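Each of the next two complexes has chain A plus one more chain, namely chain B in the first and chain C in the second.
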Partner chain A sequence: MFFVAPMVLMFWMSLNNWPLLGAVQKFIGGANYAEAVTDGTFWNSVLFTMKYTLIITPIELFLGYALALIVRRRFRGVAFFRAAYFAPVVVGFASGAYIFLLLIQPESGLFDQILQELGITSAPLPWLTDSNFALFTVVLMITWKTLGTSIILLMVGMQSVPEEIREASLMDGASWFKREWFITLPLMRSSVALVLMLNLTGSFLAFDQFFVMTHGGPNQSTVTIVMWIYTNAFVRYRLGYSAALSILLLVLLVIFTVAQIRALRDRSEES
Partner chain B sequence: MSAYSAARSSTLRPRSVRQPLNRAAHYTVATIIALLFLFPIAWTILRSVQTLSVAGSGVGPQMFQGLTFDNYTALQDSGVSLWTYTANSAIVALGTTALTTVVATLAGYGLARLRFPGAGAVFVLLLVPFMVPFQGILTPLFTLMNTLGLTDNLIGLVFVYTTFQLPFAIFVMRNAFSTVPKELEETGMIDGLSTFGILRTLLPMVTPGMATVALYAFIFAWNDFLAALILITSQNSFTLPVALVNIQSGQFGQVDFGVLSAGATVATIPCLIAFLLLQRYYVNGLSAGAVKG
Partner chain C sequence: MKSRNRKLIALGLGTALLAGALSGCSGGSSSSGVTTINWWTRVGDDRAAFAKKFNDTHTDVQVKVTQVSDDQYVNKVGTGVRSNNGPDVLDFDVANSPLFAATGVLADVSDKVNGLDFARDLNPGMSKLGTYDNKTYSVPFIAGPSILLYNKTLFKKAGIQTDTPPATWAGIEEDAKKVRALGDDIYGFDIPGACGGCLSFAAQPLIWASGGTTMTAASPDQTTTYSTSPQVADSLKFYQKLWQDGVVNPAGQTEAGATWGADWNAGKVGILLAGSWLVSPAEKGGSEVGYGPIPNADGSNFSTFAGGDNIGVIASSKNPDAAWEFASWLLDKDQQASIADTGSSPVRSDLLTADFAAKYPLVALQLQVSAKSDAPDSMATNALQLSATSPWLAAFQSIVYNGADVNATLTKADADSAPLIKQAYEQAGQ
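On to the complex of A and B.
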């Protein structure tokens, strides 16, 4: 009898989560999709989202790995460092965006003040007013905010490599680099894969930070896919079109995810 | 020292003791990086109690002059007060936390322990929303909520957040329950306890799991922006992130960054505190996810 309670709850949950997809209104059939295919802004947003993803993911992976190296062993105070690196993660994307927004203000923000005092620049930088710079600024913010997760995950992966193997290779005279590359890294494969997937997928769906920091500007140059979907639905009130875009997004996402899984699985089967 | 003897001696010593120069460098680098990570938050907090002129006066001791809570008062007076937004965020976050924890515990127990037909299928069904993030179903989500009359309603938001947290939460709880030794349950059954009774005796053992679930749910619900943006339309019900957007877009004439920094501080601090207190549960959650991946 009490079996039912958890079961019902679970069904309720799955019901809640699978709302009526594809509100292609007024039976205009595939017209929305046709429009999507020719929609310049949409494809721009796809390109931009990919560009953003491809820039930020390697950065996260490398920096995450480097910083994980620093905090993976137990030493006095390591808990403090791990917490410090992780703190930005719990801040939330919107809050993080605001924090950075404050830092890059020309007159009252810290970044320009420091740079000018150090003599590196003599005028405020175009943090958000130049397309490429805007991307850089957002990448900076996101890196700051999300590195913690990557660091911890990679660290856990590193720690799961049996100590004996590393020590054995040390005795054999292997250099530090060789140890990392040939022993630790391959054994951490699943951690690296997880971090990779989380970053790729997360970046693909980016919205908050762009909405808050750039509003898709300057000149629509930093519009992500989700932002375009949002704009269509809630600014232009075109729910049907937005739904069509959403489905396209899901399709892209599935393709993307499957590609990732394939690519990562193939390599681990080789070894 | 030759490389060989250096290698030898470091395997003979305990791993954590390195040569002093290494250690100093290690600490220095680690500290510099820690400062890099922490200063934005620290500065935002400081900024929220500075006046505009102090903020623009460069880095140095003058940064700490004339600190005032003016920004907070302004925030309080603007729009619908700051406390309303904070309360809204709190309601949503706590509601989500409570609901998620309860449901996940029940469901996790059900999945881990109780045999019922289709358990496997349900579990797979569970993973589906895990893989489809809510950004992907924005529009239909909104339509659904509209039909149900739950837009512009904090409770509706709680439902949405709970739904998206549940897959992960149930997964964690299921894992937590499956590590509980069966003997405890059998003792309960011999003593004639009902299923719920047994569940209650097991609760202390899965408290870490519950803490993890609660922490994640809270942080997610508190910080979420997109769903709140879409589903809440009247100012009275705005949560903090959304309210901040309004300040930023200069609803009150010129954008007042001091006020914005005060708002950002209020938005940031609860999560920081929650994190500091419950750190290991956060890492716990990450490892749970990592094991699965």
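On to the complex of A and C.
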């Protein structure tokens, strides 16, 4: 009910010229969708969002896996590491972004000061003024902010692998890498799938971090899909068009998620 | 424990506020013969005081004030008006005047405004934005024009005279270079380069003072004039030069508004074009501050951004007369004069007497520069110039920071702007 009703309303809006202000609401059929097809900024935002997703997802998976390995077993101080990894997760996206904004200020920011003290750089880095660097900065922030979730999910997945199986493989003389690759990883496939799926949807819906940190800049090179939807709704006041873009985003997301589930499931059936 | 108590208190307050807001929405006349009107306003401390004073001095009309945060203002007004439980009277960022007029949110108050004996004393730039299609939909209420601020403490250290502010573009550049020479983290100038709304204060006045404009009059046939008004290119080249000189604070390149003026307040910036609200924080930070008008290149003229709040009556209000009674009461001399005490600027030039100027020198300057105030006048201003994805902001950044070719960039900005204007007016059914 609370999902379907707004969806139906949004689909209806997407078929209308529906301004935020004024009463000129008019049925225009698929015109919003036709416009979206030729909307260069929209497709650029789709490409950029996919690029961002393709960068962030492997980082979350591999770095998350590596760090999960460290905190997998109990040892003295494990609670500290687990807490330290997870702490940034409870910071909001916007708050985290603002924290990073302060850290990367060219004159007063901590990052440049440390890098310059260590002699690694001699001048402030173009954190947000170069388009690739801006993406890197956001990826850095998001990794810091969300890696904890991936670590916890992967760690739980690792712990669910029965110790006997691992011990058996150890007896059989399997190396550490082989045990991870052929035993642990396949048995925690569902955890990996969950991490991949959460990262895919999370990055596809990215907004706060870019809205606060890059504002889509420099030169509109970091405009995500949701940011473009926001711009059309609340800057250009075109609710109908932004509804159409939202529907397209939903379709894209469903396609990619289903493809991802299929890919992971197929392989598990083969093995 | 303490924090839990605070949370409970906050929760209680929140509930009370919500209840107040909901009851405020019902509005309308009550049986006792007292008309209650709802006033929506931007966030500002002095607003509640106005409502209290009005209520204490009026018996037939009472006003309920609701403060709406800036970033949600247009959205809230849109839904409020649509659902018929919005305000009767509202003041709003003057930049939205053409939007609220052209979309039929505001009532035509031309006759009422013409009946005011001080109509011609009202802030001209803000009045221009309140007028659409030769009808008046909103009037100036509180002004926030931009001025040139300079840090006298840094100027003295750099050996520059501080009696008069820099009065030409060459003077600004020269003084900025001297201040920059003071040291590593001291900059001569600061530009809020990722904030379209801030650039209305900090960049466009250079264009207007030079006799240029960024767009033609508000109408469905409106066009931007970035490439056809040569003063646009001149002022952008001036900023490009300052940037290339290395006198501009590099942090400004990504300044999106939230920390605008932070380095100035900390006493690290020599010259800044901004609103008067950045004077007292810098003084509290230990700097002596001077101010003057924003000049054209040779100092023969000046201008300012007609920033601030306009006030208007909602077209669908059930009590338009009571709403106007309150709106026009806010324009009375007493209320307007009291605005000066808060540090903002009144909108009536007839307040500017010698006594007033002696008592409020900073406000007097704001009233003086407001005589030549201007502002982007379009129902698409948000999309054209203010938003992070606006063509104007993109062109500004390319030219000033990346040294892009001025004419080609401005021609592209005009081309990118045309469909936004067309869309905005088509949306409104014009």
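Everything that follows uses one rule, which is that the second predicted complex is superposed on the first by the 246 of 271 C-alpha atoms of A that agree within 3 Å, B and C clash if a C-alpha of one lies under 4 Å from a C-alpha of the other, contacts with A are read in each partner's own complex, and residues count from 1 in each chain.
In this text, a contact is a pair of C-beta atoms (placed from the backbone, for glycine too) under 8 Å apart; a residue touches a chain by one contact, two chains touch by 3 or more.
A quick note: this is a predicted structure, and the numbers were derived from the prediction, not measured.
K.L.:
Between chain B (first) and chain C (second), which does A:F207 come into contact with in this model arrangement: first, second, both, or neither?
P.N.:
Once the two structures are laid over each other on A, A:F207 reaches chain B alone.
K.L.:
What is the contact status of A:L128 with respect to chain B (first) and chain C (second): first, second, both, or neither?
P.N.:
The second partner, chain C, only.
K.L.:
Who does A:Q220 touch here: chain B (first), chain C (second), both, or neither?
P.N.:
Only chain C is touched by A:Q220; chain B is not.
K.L.:
In the superposed arrangement, which partner chain does A:Q105 touch: chain B (first), chain C (second), both, or neither?
P.N.:
In the superposition, A:Q105 contacts both chain B and chain C.
K.L.:
Answer with first, second, both or neither: which of chain B and chain C does A:S191 touch in the superposed model?
P.N.:
Only chain B is touched by A:S191; chain C is not.
K.L.:
For the overlaid complexes, name the partner, chain B or chain C, with more touching residues on chain A.
P.N.:
Touching more residues of chain A than the other partner does is B.
K.L.:
What is the contact status of A:T137 with respect to chain B (first) and chain C (second): first, second, both, or neither?
P.N.:
neither
K.L.:
Now for A:V90: first (chain B), second (chain C), both, or neither, which partner does it touch?
P.N.:
Touch status of A:V90: first partner only.
K.L.:
Just checking: does A:F234 make contact with chain B only, chain C only, both, or neither of them? Give me first, second, both or neither.
P.N.:
A:F234: touches chain B and chain C.
K.L.:
Pick one for A:A243: touches chain B only (first), chain C only (second), both, or neither.
P.N.:
In the superposed model, A:A243 contacts chain B only, not chain C.
K.L.:
After overlaying the two complexes on chain A, where does the chain B footprint on chain A coincide with the chain C footprint?
P.N.:
Dual-contact residues (chain A): 17, 19-23, 98, 105, 107, 234.
K.L.:
Of all residues in chain C, which touch chain A in the complex?
P.N.:
74-75, 77-78, 81-82, 99-100, 102-105, 185, 194, 249-251, 253-254, 256, 258, 263, 268, 380, 382-383, 386-390, 394, 397-398, 401-402, 420, 423-424, 426-429
K.L.:
Could you please specify the touching residues of chain B with respect to chain A in the complex?
P.N.:
Against chain A, chain B makes touches at 3-4, 7-8, 10-11, 15-16, 23, 26-27, 29-31, 33-34, 36-38, 40-41, 43-44, 47, 52, 55-56, 58-59, 103, 106-107, 109-111, 114, 116, 122, 125-126, 128-129, 131-133, 135-144, 159, 162-164, 166, 170, 194-196, 219, 222-226, 229-230, 241, 244-245, 248, 257, 260-261, 263-264, 267-268, 271-272, 274-276, 279, 282-283, 286-287, 289-290, 293.
K.L.:
Touching chain C in the complex: which residues of chain A?
P.N.:
Going through chain A, the ones touching chain C are 17, 19-24, 41, 98, 105-107, 124, 127-129, 215-220, 223, 227-228, 231, 234-238.
K.L.:
For the complex, which residues does chain A have touching chain B?
P.N.:
Going through chain A, the ones touching chain B are 2-3, 5-7, 9-11, 13-14, 16-23, 67, 70-71, 73-75, 77, 79-81, 83-88, 90-95, 98-103, 105, 107-110, 113-114, 117, 144, 147-149, 152-153, 156-157, 163, 167, 170-171, 173, 190-191, 193-194, 197, 201, 205, 207-208, 211-212, 226, 229-230, 233-234, 239, 242-243, 246, 249-250, 253, 257.
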